[in-house]
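Labels run A, B and C following the written order; every chain starts at residue 1.
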Amino acid sequence: MLKTRPSGIVGMVVLALVVSAAIAGAIATPFDPTLVDFSSRLLPPSLRHWLGTDEWGRDVFSRLLSGAAITVSVAGMTTLLVTVFGALLGAFSGFVGGWFDRVVVALMDAFLAFPALVLAIAMTTVLAGSPVAPVIALAVAYMPYMVRVVRANVMTMRQRDFIAASKVMRNSAAFTLVRHIMPNTVAPVLVMATSLFGWALLAESALSFLGLGLAPPAASWGGMLADSRNYFADAPWLAIAPGVAISGALLGINLFGDFCRDYFDRKMKD
Amino acid sequence: MIRYAITRLALALPTIVIALFLIFALIRLIPGDPAQLILGETDDPAALARIRAELALDQPLAVQFYHWVTALGQGDFGKSISMESPVLDLLVPAMGVTASLVIPAVVLAAIMAVPLGMFAAWRQNTRTDTVVVALATVSLSIPSFWLGLMMLLLFGVQLDIFPVVGYISLTEDFTQGLHYLVLPVLTLALIEAGVLVRLARASTIEVLQLEYVAHARAKGLSESAVACRHVLPNVIGPTWIMIGLVLGGLLGGAVVIETVFSLPGLGRLMVEAVFARDYPVVQGCMVIVMLCYVGVNLMIELTAPVLCPALRYD
Amino acid sequence: MMQIPLTSDIRGTNPGVNRDANTDTIMMHVLEGLVGYREDGTPDLLLADALTVSPDGKRYTFHLREGLVFHNGQPVTSREVVWSWRRYLDPKTNWTCLADFDGTRGAKIESVDAIDPLTVSFTLDRPQPLFLTLMAAISCGGGAVLHPDSVAADGSWREPISTGPYRISSWVRGRYIDMTAFAGYRPLEGEPDGNVRGKTPYERHLRWLIIRDASSRLAALVKGQVDVMPEVPAAEMLQLRRMKDIRIVAAPMLGAYGILVQDRNPLLADLRLREAIAYSIDRRTLARLVTEDTADANPSIVASASPFGVSADTAEALFDPARARALLKAAGYRGQPIVLTTNRRYPAMFNQALLVQAMARQVGLNIKIEVLEWATQMDRWRSGDFQLLSFGFSAKADAAQSYESILGDRDASPGKTWGDPEARRLLAESMMTADMAERRKIFSKLHSEMLHDVPFIGLFSPADTNAIRDGVTGFRSWQFGRARFWGVRRNGTPAS
């Protein structure tokens, strides 16, 4: 399997790198990521500072590591919350149909109508600096997307022969949902979840750009990228490091998602 | 179908009212006082009380909500706190700006993405597929403000083809207006295309594995016939729904692009109103965004079954 | 047409009612009052050509310049002056500066009367040496004289009909504000000075483009889509200094940036801890880094550019890490966290907080930064609910106004961090005298008192920094930080 999809290996390796960076960042970094050093501002990459220093002389590599811990846990927890609750709700709603389905759709519409930004500001200020505030805000904002995609998929599935067959065989609704519909929904959920992880990562950088300061003064990739644009001409490494980190992490998660989907597809066929 | 539309609208109405109350309460839960922001760093309790009274901020929340909703029922959106203007006079032009940015961008993204996604799926696991997926991934991985700034630096400053900032409405001067919209629309389309390509590709691969495609092929239909008659209709369904979501989300959420290109759109108006704690403007924006959202999605839901038979309701 | 970027839309055109810094900049081109500020911030006559003050200091009589007309062509007479001022003094107008004239803060205007068509007198309930300074305040619309047609029959605001060198010809919300030179404008003769003299509107049309994002503003300047970029953020200075056809015009401003220190909590109630924080900060380095070498250190709340400011050199002596460490030891400090609240709306406030945290760490202080959204931070400031608050005070014409922003009745205004009775007495005294030497002595005493009590740790006075494209002449920065475009022209604009 892995031999036929080398990109799957690449995805896993990148993901493993990101996760180990996050773990390393949470434990120890070469320099203190918040240590301001006036004598070494905007230094290019060197043996001492592998990825150079930023406008306050802070070591970019150390900030990247500690940023990984923050960024990955925010995006990861958001994705996990949305995937678990969104997929369950969407599948159930699409399968049951009727009034329940309509109520769910209407509620999701209400949430979608709240722009993520307003929710993010509100949540973070109401929860006053709690580290889970961005996770909750983003999860609420993205939940409806998952619900609607899964629901559409399940509704399509209901028309298929094997579901009808399952009904003819007098299988219970729950059995049909779990045995036949859920496994067939894995692929769209995975594609959606990988996108979600990316959205959560990007949303954080967009909020930083708008000056909403979701992140604490400790490093986050989005915040680093947003701050770097003032020094783009003088210190391009400031933009390259978090830019590559964000894009790399996304590439990894997307390749991994594709790999998983292929894997499930083959398993289904066997 | 018409009955369904009416049912959906009727269902949407309580949702809208609930959402209105939520936003009304939520924006007031955020710390920060519009009256103090008007006064700035002046520390003058008497003036503060005077302004609060004039803005009716000293009344109970329920009373404020009642007044707002009843006025809204008569089409009166109220008056802005931070800018001396009726809310509606701010909303309408902002809405126009956002629509002329978002609608062309989403259309453009879909035109690029759906064929590309299907094409990649057809060539699954080939080099073509890898390139398309890689491109889509890159599009997903670039922060929109970053892409916007790069476009601005490249086409606006270096090549000097398009104006860097500003906006001229299409109704004022169509060609000039287009000139100002090219860069932001292109940026937004590139950003949104990524997710659509991936979705179209994934759906196509799903459909291609179904038996009736094999049947169609077995019957000797050409690949293009299979694509157009059997695959496309099934791919359009989920994609169409996604387009609805993207469009609905962008109407209030194009704020980043609006900021980079200095477009006075709805997202920008709303964020600035949130910063200024301009409650009536935030509420007005929410009403418009919600109405648009419900409208767009109703349209999508009603048309999806036409495009994709599998989504037909009983 | 000259194009200028504006960081956000203006709030309104009603003078001193619903305003912010950008609104003030725009309106200063349109409005004129009896008095205005000179380059150095002292008040001078503008629409009046003579002033007599009664010996008891309670009656100010102005004589208006002859032949002045409003934007609508009507002559300026004492009738409009009286109408304008009675409107400001009416609480229904919601004039933000009412408290300076109704007896809340200092003297009360008892009456405004027309003596003859060109003579107006203001009667106060007690002497007020700062009366002219307060009248000229830019944030109050400069006490602009308006034509009554500025207001609709029902009393609601229509548009400003005043006497300034420019008129607003159109305002498209969120996009731009267009101005046209006022053909009937008669500038006060003399070299350009403050917002008083030499205000010739050379450019017939000004367009203020609203461009929120700093990078977009810079791109517009580089491309020549705008001619001048006022309020250059420090972070853009590196790039700007390298550009060939752009030059920087900068001057120190009358504002003050620093850290408000709340002693109404168990930790900071200990004076030694407050002093330790103050001694741990190297203001020179901080000012240099935060402002990219455009501004100098200033340990006072009074700007260094003010005649009552302190020299930047005094900051040197106030940096004493050894003493800070000793104070911490004496206070028995064991690394308890101290929260420093700041925001990201104003980069200087965020950056100074970052540097204060870093410098304080060197002596063993454990400062945690809390980032709030601006309006939320304002709430905290007003309620006094903070330990350390990163703040910047806008330009104040007089040193007394600077001290007033932190010193006063702390129960009525919890945002003030200083309530020392002796200091309050000194402040009141400074407002009752116009004698320079006397006032200098008072403010010097107030400064030492402030260093002793540490209610505020002054860090630097910001600079008014503008980037100008070559070919634009006559632009001067100002200590109030408000960009002025009268007297400015581009190559090719004919001298009128």
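Assume a contact is a pair of C-beta atoms (placed from the backbone, for glycine too) under 8 Å apart; a residue touches a chain by one contact, two chains touch by 3 or more.
These are the chains along with the protein names UniProt gives them: A = Peptide ABC transporter permease; B = Peptide ABC transporter; C = Peptide/nickel transport system substrate-binding protein.
The shown structure was predicted, so the numbers you read here are calculated from the model rather than taken from an experiment.
Shared contact partners of subunit A and subunit C, listed by label: B. Taking the mean of all protein C-alpha atoms as the reference point, the chain centroid lying nearest to it belongs to B. Measuring from the averaged C-alpha position of subunit A to that of subunit C gives a distance of 45 Å. One finds 20 Å separating the Cα centroids of subunit A and subunit B (Peptide ABC transporter). Our note on geometry: subunit B (Peptide ABC transporter) versus subunit C, Cα centroid distance of 39 Å, whole angstroms.
Shared interface positions of subunit B (Peptide ABC transporter), defined as residues touching 2 or more other chains, are 30-31, 149, 259. Shown for subunit A are the residues in touch with two or more other chains, namely 121, 125, 229. Among all residues of subunit C, those that touch two or more other chains are 215, 345, 373, 376.
Partner subunit C is touched in their complex by these residues of subunit B (Peptide ABC transporter): 30-33, 36-47, 50-51, 54, 82-85, 89-90, 93-94, 149, 152-153, 156-157, 160, 163-167, 259-262, 264, 268-269, 272, 275-277. Looking at the complex, you find that subunit A touches subunit B (Peptide ABC transporter) at residues 4-5, 7, 102-103, 105-107, 109-110, 112-118, 121-122, 125-126, 144-145, 148-149, 152-153, 155-156, 159, 187-188, 191, 195, 198, 202, 205-206, 209-210, 222, 225-226, 229, 239, 243, 246-247, 250-251, 254-255, 258, 261, 265. Residues 34-36, 38, 41, 55-56, 121, 125, 129, 211-213, 216-217, 229-231, 233-234 of subunit A touch subunit C in their complex. The part of subunit C that touches subunit B (Peptide ABC transporter) in the complex is made up of residues 5, 8-9, 11-14, 18-20, 91, 94, 96, 98-99, 104, 139, 157, 172-176, 209-213, 215-217, 219-220, 222-223, 225, 345, 373-376, 378-380, 382, 393-394, 405, 408, 412-413, 415-416. On subunit B (Peptide ABC transporter), the positions that touch subunit A within their shared complex are 7-8, 11-12, 14-16, 18-19, 22-23, 26-27, 29-31, 125, 130, 133-134, 137-138, 140-146, 149, 195, 198-199, 202, 206, 209, 234, 237-238, 241-242, 245, 248-249, 252-253, 255-256, 259, 267, 270-271, 274, 282, 286, 289-290, 293-294, 297, 308, 310-311.
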